[in-house]
Every structure is written in structure tokens, then in C-alpha cells.
Amino acid sequence: MTTARRGNPAGDTVLLGVAGLAGLLLIIELMPRLGLVDERFLPPASRIMAALAEEAASGAFWTALSDTLVAWALGLAIAVAAGVLAGLVIGSVPALRALTASTVEFLRPIPSVALIPLAVLLYGTDLGSTLLLVCYAAFWQVLVQVLYGVADVDPVAFETARSFRFSAWARIRHVLWPTALPYVFTGVRLAASVALVLAITAELVIGSPGLGKEIAVAQASEAVPTMYALIVVTGVLGVLINLLARTGERRLLAWHQSVRGEVSA
Amino acid sequence: MNVLKKVVLALALPAVLFGAWWVLSAGSESYYSPPLSKILAAFRTTWTPTQLEAEVLPSLLRLFAGFALAALIGVGAGVAIGLNRRLRAVMEPVLEFFRAIPPPVLVPVIMLFAGIGDTMKVIVIVFGCIWPILLNTVEGVRAVDSVVLDTARSYGVNGTARITRVVLPSASPQIAAGLRQALSIAIILMVISEMFAASNGLGFTIVQFQRSFAIPEMWSGIILLGLLGFVLSLLFRLAERRALRWYEGLRAAQRSS
Amino acid sequence: MLEVKGLRKVYQSGSREVEALRDLTFTVENGDLVCLVGPSGCGKTTLLRCLAGLLAPTAGDVRVDGKAVDGPPEGMAVVFQEYGRSLFPWMNVRDNVELPLKQKKVPKRRRQELIEQSLDAVGLTGSAAAYPWQLSGGMQQRVAIARAVAYEPRTLLMDEPFAAVDAQTRADLEDLVRELWKRLGVTILFVTHDIDESVYLGQRVVMLSSSPTVVQDELLIDLPADRDQLTTRADPRFIALRTRVYEQIQAAKKNAER
């Protein structure tokens, strides 16, 4: 035990993490094989893997995957653009900020799934349904972070800019934006995760094309291993998006004196 | 005067938006966006006290059961994992993976095991919202100040007291952040699990309205759901502010120094 | 009595070894007030953590009242340098002082007495209900001292307790430590990097070398027991003693550079 502790801690952690994942696979393999759970409910890991391989060989899977990713990316892009714009405008005008605060606080906790019936009525099972939900949910993440960012602007820096008679545009460009930028990235990162969840949820519940719909189809046709395989894909997708967003954030903000901690609110 | 100004500011925009909706939709012939007056009328007739008791209460009970269970298990497991470096290294990737799975896809899985009854919905909520609680607890426990731990040790604060009086309070701001995330996931899962398979509940009722094209009633359901989300998050915030008053004070003191 | 014999501590990080303490031997008699002083970065905190039983030494041993230390010893209280982090911010002053007593299973009546007496002794009678972060730095360190005093220790370890407070507060707190020591008859080991402070407070000063640390020298402080900030610090004897300590510390630094 002491020898392991003295070894390279980073390498150790990776090894233990891999062991953890391997353990999970082993448990999922053994539980149904030993009859601890019904094989119809939880197929062994090897069967899930086989189903995954089968999926990977089919064109429908790749179409579904790209449908989901397109909905995710498009929705995220719209939400980020709208969130940043709205955040900067609202944040830089104190009167607007005071006026909108209560509305933001009211609209934000409204569960995005409340919009599902509305989306179905408006867009049926098209991409539009997915987009509506994705945009709605992701927008708040970005907006709130941008508002935090703008609020974080050092008043002294702002006064300095004013005393040098910077134009309003220059104030936004050189003072507001650099301060808010780390928060924007945090918002984008949070929104990226939420957007994926909502994209797949919409597909699952509404039946718009994508991985979520494939899961619903697999469930309806009782193709249980396929259903598990698809769920694994969504999980991996989530991990990848998270990883990508985190590294991207760190890379792009390497110049910034402090890669800030998240505002937890 | 100041309070009055605040109230006016807080209410101004909602009032304007509400008014705009009312006016713009007043003569609406559109099938999908009926006049607000009609929606409000539908609200009154749809959500009578008996109806609330029959449809909303079961939803809320499942929500609270699931949320409470998730909090209990999540904090418990989180403390254990947070205090043990090796356990943490083993579990972290697995937990990250589970957290990354969009919670609603758990509904079909759990339906396999637990059918479509209340148990299924509670399990769905627990499974879906346990991850942010667990991971935040792990983070919070891991971040407990080393001087705090040294102090506790040298004054003989061990065993249960160490966890309940030192580790948990110290991690509580982070745990609260996890609980807050979990609450909004729990509401989403409550609705979705009912949309999938249920004979009562708010999600079920709203989908029924949509399928039978009872549009004003559907809108009233959306509004009710929105109100519910708002009120629950407000209640959570109040509870959090009470429980973490020390933390707010500490942060304010640190900022001003 | 606190005995340190051949204490050595080597930190291991990966394949690198860092020797913090090389060979330390000294004794603190019962009821003595000994100051440990050394150049910055001389492993004072490592030493203190070993004495407090928070860190296992690589070699040598620490004994408190004849018993080898292998965990926080009974009857010892520690006042940490980082008062802001050592007091629990989620508890008010009273609860902070009371928690260790509860752990010691002191009956409730006695706890109340101890809390009142100790807060009284440090001049914080009215602040029991306040939270630590509502107090100034000096007052926070007073709370930490009250917590240690209420614990009724036979040995009190203080790790640069006044390094982070302003000069005037510091003088007050130094007098407070002298006064409590005389009144309670506890054994105090006071770690500091401030040479004047060590001479003003201590009955004896143990000087440490730079890291890897050994005992450089020991000095008996033959100043009168009643000390005050004005006359004592102006006393020629005080100045002579502080010069001695200063020379030794400078010598220790030079040795390290060579």
C-alpha cells in the first residue's frame, strides 16, 4: 500500500480509473450471467457490446447520430449567440438589468420539458421541436453566466475607460468583453451539456429524428441490448462533449490571469 | 421608498409582458395560441382543488420521495468516496460516465425493471438526479481545508463528530449547489416519466390535453408547470439561504477584506 | 514534559526526497515557556506537526509526559497560524470552543463554566454568539486561544499564532499569552520567526538552523518574570539577548548558503 502511494500519483489515478470502468463492465457481465438480474432486463456487457458493433455497422445509426449532433450544434449556436447578445445588452444597461432580473428569475426555473406539448403542436416531429427545447434550455445557461460576467467588471477599470473618454463601443470591446469572456466560456460549457441532454430527451419523448428516437424504437421493439448500446453511446457522447468543452475552455483562456472557478448559482 | 422601487422594478416587466400577451392574443383566431383570457379561464376550470389533489399531488409526492432518496444516498456515498483517495480514483470515471448519460433515457431502462408504477418514477428520479449530488459532495469533501482537518484531529474530534460537525458543514455549500442542480433534473424527470407511462400526474395530464387538442387547457398546464418550477426553486433558495447563512457571511467578509 | 529526540523528517514526492528536519533534540520542562525561532522556511511547521501528532516522523521520537506520540496526544492543544481556517466558520464562537469539550465528554455544566472562563480570559465575554468571520483577525486568534485554554491542556503548542495580525494587536496578544501561562501553569511551546517576539515571550529560546533543520543553539532568557512591552523591550539585557539570537540566526542562514 505504501509503495503504491509513493508511485507516480497521476499514473496511479489513471490506472485505478481504468480498473473502475473494467469493474463496472465485469459487474454488468456477471450479474445477468449468474442470474442475479433477468437477462431480458439487463443483458451481459458482451451482448451490449455486440449490439453496439451491430449498430456501428448500420447506416441508420450514423444518420441518427448525425441528426442528434446537428440538432445539438445548431441549438447550441443559436442559444449562445442569443444569450451573449442579450447578456451584454441587459448587463451593460443598469436599468435594463433591474427591470429584467425578476423575469429572468421567473423564466429560468421553468422546466424545459413543459414546452414539449407546445413543440409538438408547432413542429410535429421535425428538427424544429428538438431545436426549440435545446435553445430554450441552453439559452439560460449562457445568459446567466454572461450577466455574472458583466457584473464582475471592475468599476475602477470602467471609470478609467470613461476618464480616457473611450466611446461606448470601445468600453464594451476593451473592458466589458475581456472581463466577461471567461464567464461566457463557462456558460458555453454548461450549455453544451444541457443542449445534449435536451436534444436526446426531445427525440426520445417527441420522436424527432436522432439517437433518442432510436432508443424509443429499440424499447418499443424490445431490442434490449440495442437500447443499452444506444444509451452507452449517449453517455460517451456526453463525456466527450464535456471533455471537449473543458479543454477548449482551458486552452482559449490560457492567457487569462485566472481561469475562474464556476459561479455556483 | 427603496422597497417600493424594488417592487415596481421587479413587477414592471412581467406586467408589461403579461399585458402584451393579453392584448396581442385577445382577438387571436389561431388554433395554437388562444387568447390569454381563454387560457386563464381554462386554468380556473381545469385546476380545481380536487383536480390539483388528483393530478398534482401524486406528482409532487414522487418528486419529493425521489429527491430525498437521491440526496440521502448521494451525500452518504459522496462522503465515503470523498474521504477515500483510492475509492475516488476508482469511481471517478464511472461516475462521470453515469452523469453524462442524459437522465431521461433511463426511463425506458427502469421501466423494464420496475414496470410503470410509482416505484418506476421514483427510481427514475433517484437515478437521474443522484449524480450531481454525489459528485458535488465528493468535490466538497475533498476540498475541506487541511487546517480545519488538522484542528479537528488535534482536538480529538473524531469518528461521527468529525463527519457531522466538520466535514459535512464544510462541504455544505458545494452539496447545496449539487442539490439545486438535482432539483431541476428531478422536476424534468417527474414530468417525463409521467409523459411516458402513467395514469395520473401533471405530465400525463398535459400530454392528454395536447393529444385531445384541448389547447387552452394544455397552455394552462404549461403555466402551472412553470409556476411549480419557479416556486420549488424559490423554496429551495430560501432553505439554502437559511442553512448557509454562515457561508454568505464568510464570503462577504472575505470580499470586503 | 515534552521530549524530542533525534527527530528526522524526510518528505517523499515521487522519486524525489526532501529532507525537512535532519536531527532535532530538545526538551521542554513542565511549566516552561519555550520559543522556537528560526529563519524562514526552516521546517518549523513540519516540526510542530510532528509534535502535535499530525505527521509521523521518519526517525527519532517525540514524548509527551513520557508517552511516545503516535497521534494527537491527550492533554495537548494547538493554536494554528491560520486562525481564519482553523476556526470553523459554520459555528459561532461558543460552539467553536465547545466542540472539543464535547468530544472530551466534559459534562454540560462544566462546559458552560469553561467556555465562560476562557472567553473571559481572552477578553471576549460578549462575543460568544458571534461568528468568527464577524470578528477582526486579532479577535479571531483570541477565540482560537480561548478554545485551546478551555480544553485545559497540560501542553500548548502555538504555531506562529500572531504572524498574520497587525503589530499593535500582536503586542496585546503576546502579553495575553504571558499572562495565561503564568496563571494556568501550562507548558507552552511557541513557534515564531520573529526574534524579538521569541525573546520577549520565552523563558528559553531554541534556535533552529535552515532546512534541513538541526538545533543551532539554545539560550536561557534571564529577564524578570514580569515583562511589559515598554520597559522590557528597552532593557539593555533584552537588547543583548536579541542580538545573540539574531547573530545565531544569521549564522544559520550563512551556513545554509555555503
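As written, the chain order gives the labels A, B and C, with residue 1 at the start of each chain.
By our rule, a contact is a pair of C-beta atoms (placed from the backbone, for glycine too) under 8 Å apart; a residue touches a chain by one contact, two chains touch by 3 or more.
The structure displayed is predicted, hence computed values, not measured ones.
K.L.:
Taking each chain's centre as the mean of its CA atoms, which one is farthest from the centre of subunit B?
P.N.:
C
K.L.:
Can you identify which chains form the pair with the largest number of contacting C-beta pairs?
P.N.:
So the pair of chains linked by the most contacts is A-B.
K.L.:
With chain centres taken as the means of their Cα atoms, state the distance from subunit A to subunit C in Å.
P.N.:
Chain centres of subunit A and subunit C, defined by C-alpha means, are spaced 51 Å apart.
K.L.:
Using mean CA coordinates as chain centres, what's the subunit B-subunit C distance in Å?
P.N.:
Their C-alpha centroids are separated by 48 Å.
K.L.:
With chain centres defined as C-alpha means, what is the inter-centre distance between subunit A and subunit B in Å?
P.N.:
17
K.L.:
Which bits of subunit C are touching subunit B when the two form their complex?
P.N.:
Contacts found on subunit C: 49, 52-54, 72, 74, 76-78, 80, 82, 85-86, 88-91, 99-100, 102-104, 131, 133-134, 147, 151.
K.L.:
Going by the contact rule set out above, which residues of subunit A touch subunit B in the complex?
P.N.:
12-13, 16-21, 23-24, 37, 40-42, 98-103, 106-107, 109-118, 120-122, 193, 196-197, 200-201, 204-205, 212, 215-216, 219, 224, 227-228, 230-231, 234-239, 241-242, 264
K.L.:
Could you list, by residue number, the parts of subunit B that touch subunit A in their complex?
P.N.:
Against subunit A, subunit B makes touches at 9-14, 17, 32, 86, 89-94, 96-109, 111-113, 173-174, 177, 184, 187-188, 191-192, 195-196, 203, 206-207, 209-210, 215, 218, 221-222, 225-226, 229-230, 232-233.
K.L.:
Once bound in the complex, which stretches of subunit B touch subunit C?
P.N.:
145, 147-148, 150-151, 153-158, 161, 165-166, 169-170, 172, 246-247, 249-250, 253-254
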